[in-house]
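We call the chains A, B and C, going by the order they appear; numbering starts again at 1 in every chain.
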């Protein structure tokens, strides 16, 4: 009796585990039985309203398909997803197709974990000329399309058009220079009786990189990595200094407000902008949706500002691309490509732009009724697309193909924060250069790159 | 490890006396039998504690590539690099400042509030509930709440300073204030738990001790320092150990409020480890940092037990 | 200087009196015991004297000062608690020194006083021990030493011996009494134990039902109780109380069963009579003369207690010599041969014995 009692607990545990195991496998069998289509696991990092829009795309694809079924799985932030993708590669949990953001492009190409989309494009004789060349250039190396751009944004400058009208301030030109923005910011600050700050620039490495792109300057050698693996970074260059001096000038005259860095800073500056606390800020075009939906004021949009006395070189795209893992059978990889192809259809991209503010990549999308209606309703939402179309892709504005971009950004942000808090510009940039180069060299050594 | 010489002598004496009997009793059968009981826990500990620990130590002596593979053996170079890096020393420094400030403030404020709430005053029940309420608040909710408070244009502090025509404080963008903001938030989070534990401890001090002291002529501040403090010292020791270890491990609030910024002013060790591993993919560096943090926490815990434990047990 | 309680009352909730109109005078240097059953308010009274509990009504005067609003530390007294209230983290020596340090005496004086106090309670060798390393009796002595070390001349004790076993208690009675006499302390001592009260007190205050029943010396209280309650509270086994009827001027019929010739004349038709167990006699009797049956016999060494049940109801205890042979269920006759010490009470319980003149009547 005593003996049986002792056995009861382990027995119950074992039975429990068995029950769970059986139940779950039955479940798995069942779900497979009810849907004979091949499952394509899709990892993405779209949260909030963008996730809903993405699910619309997935649903559209699944409805159009008898052979494949895409299962979307949210993976958190862009930054965190990269490590998950790299660490699960080759296991059964890894995705068939995944979304990886702009600055991870070099890492993805170097990893050898993906099948270049070019392979399927060639097999399928797909016409890629309809897809925005600036966006394609970002994710290609040596003429081979590696990942396919999907959600693509442009950094643009937003301003509160209603407030400018109210105080009789002349609005900035479509492609403003630094001093154009300084003028508007200072006027707004003074004319509002210091109630509204003129401008802010979020502490965000992306914006600093865009300022360099727009002023035709590379951050890393080997043409920002487009002609070879970068071995050296030069952040302390005249163009970075000019950009930071511009911000410093506005901080000194009091019309600048610092919202800091990170996601909360983004949320805070949006809140500040919508409540008339700040008149100008720079942010991804993907924010348009949010800024028009909740805005009682009229929204103004211009291109990313450029240094005085030179023409804007155009900015690099932001956002992310879709990549196909090479650790899955051919059939599944094909399915992943089918999904990518579907996601680039003109009407899908048009709806995507309307829902999220990301730019429609297919040129034919512009002809669609969805976008025409959108532009009629809010003409300013045309601006980001125009900026993208205006810029001629070159090595300066096609992103930086370098590993360790996340850390590089952090170090850029530390430099920005130092300057915002009154630190010496040259010194801050030198410190950043030193750390970035150290990391770059260690990383190259660890990875065996020359 | 913590034995005083005297007790270890006694222990070894005991051992020698019982040695014969002990060997006699542990025959081969018993050995298998003891492994039967020890096995599962050894296996679990090995799998989830020792293996990761040694793996971390191992990785810390290499360079790792993009995928976290160890590629180039560097010996102690990673440690040398870290210790000679101003950036890492800054993290170490801000971590210590943070731990110290959080512990001291949490304990003193918790003690103050608990002491107040232990008094029999009208309406004290409401305050007790209020003070202990942060215990039920999750880190995420607390972070969002304080982010609202700290918002430079629409936050509570900004509104107050605007209303009073003061220069608003840049809570999260000025390096000095950001540390303060994180400390305030952490202390606020900690306070509920600390308050409740200390209140329970204070309430369990027999009333007659205070009455005796009152008759003997001790003022109420003397009663606090000479009776309350020593009586609750075991609890204080417990709470401070927990608070220190918790502060060292603080992650959620940092991640949600400052992300280690601005200018690394709140880049605590744990957050740094996370960023180096899961943002930058530099596993070698973050393993090295993890080992250093382990050594530091072990060191602090040792000190606490060595010096404080003796004093608090009566 | 005496301690004077005048019309002291305590009311926690409206109309619920814990102490009602208590007045007494405690002379300097006397051993004053407050006794009563639990819940009678005796501890509350002591705490009010100490200043730990507020006074609702009346005044307390210590050495000519009204102390109603004085905090405990300014009343110049010391107190020994039922739980001893020793500080567990302090050594015996530091426990005793606590009050002296709090009152900021200089070190030499503290040392002298503490050492003396510890010597007085025979605890010199234990001065470095912590309370948990002491026995119950030793802890009690530390508490005493703390009271002794203080220079206060009034010492309050709240059931200080109730946590000790019977033998130790008797020993401590003597020690406390000796200390009190030696130091000339005014000792106000609360207990529920009538034996403690009788053996140590100079004066006893009997409390019941929030009211003073009687204040007097042990002899007065025992021999001339103010009422039935006081009479039955003191003495082991307790006094036998029976209904009685007047037969003639000085003859009473007790419990319908036996006649007692009283030492005084009585007026009441119906009253009650109290006779202590040692003033009654028991004799074996046949059915015809018997008025009671033995229920149980207790052997105490020098004497025996015979518990009986009267034929007409009611229980009576009688003390007999230990040689006497009685067994349960025997029929007996109870008589009272010498009724000079019998107590008479009216139906309200008040003492109406003629010799009671000296007693305090509340």
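Following the convention adopted for this analysis, contacts are C-beta pairs under 8 Å (C-beta built on N, C-alpha and C of every residue); 3 or more make two chains touch, one makes a residue touch a chain.
Keep in mind that this is a model prediction, so the values were computed, not measured.
Chain centroids computed from C-alpha atoms place B closest to the centre of all protein C-alpha atoms shown.
By number of C-beta pairs in contact, chains A-B lead all other pairings. Ranked by distance of CA centroids from chain C, the top chain is A.
Taking each chain's centre as the average of its CA atoms, chain A and chain B sit 37 Å apart. Chain A and chain C have Cα centroids lying 89 Å from one another. The centroid of the Cα atoms in chain B and the matching centroid in chain C are 57 Å apart. Contact residues of chain B toward chain A in the complex are 63-68, 71-72, 87, 147, 151-154, 170, 172-175, 256-259, 261-264, 275-282, 284. Of all residues in chain A, those touching chain B in their complex are 79-80, 82-83, 86-87, 89, 107, 110-111, 197, 203, 257-265, 267-268, 271-272, 275, 277-278, 403-404, 406-407, 410, 413-414, 417-418, 420-421, 423, 435, 439, 442-443, 445-448. Interface residues of chain B facing chain C in the complex, by the touch rule stated above, are 206, 208-209, 211-219, 222, 226-227, 230-231, 233, 314.
Within the complex formed with chain B, the residues of chain C that make contact are 50-52, 71-73, 77-79, 81-83, 85, 87-90, 98-99, 102-103, 130, 132, 146, 150.
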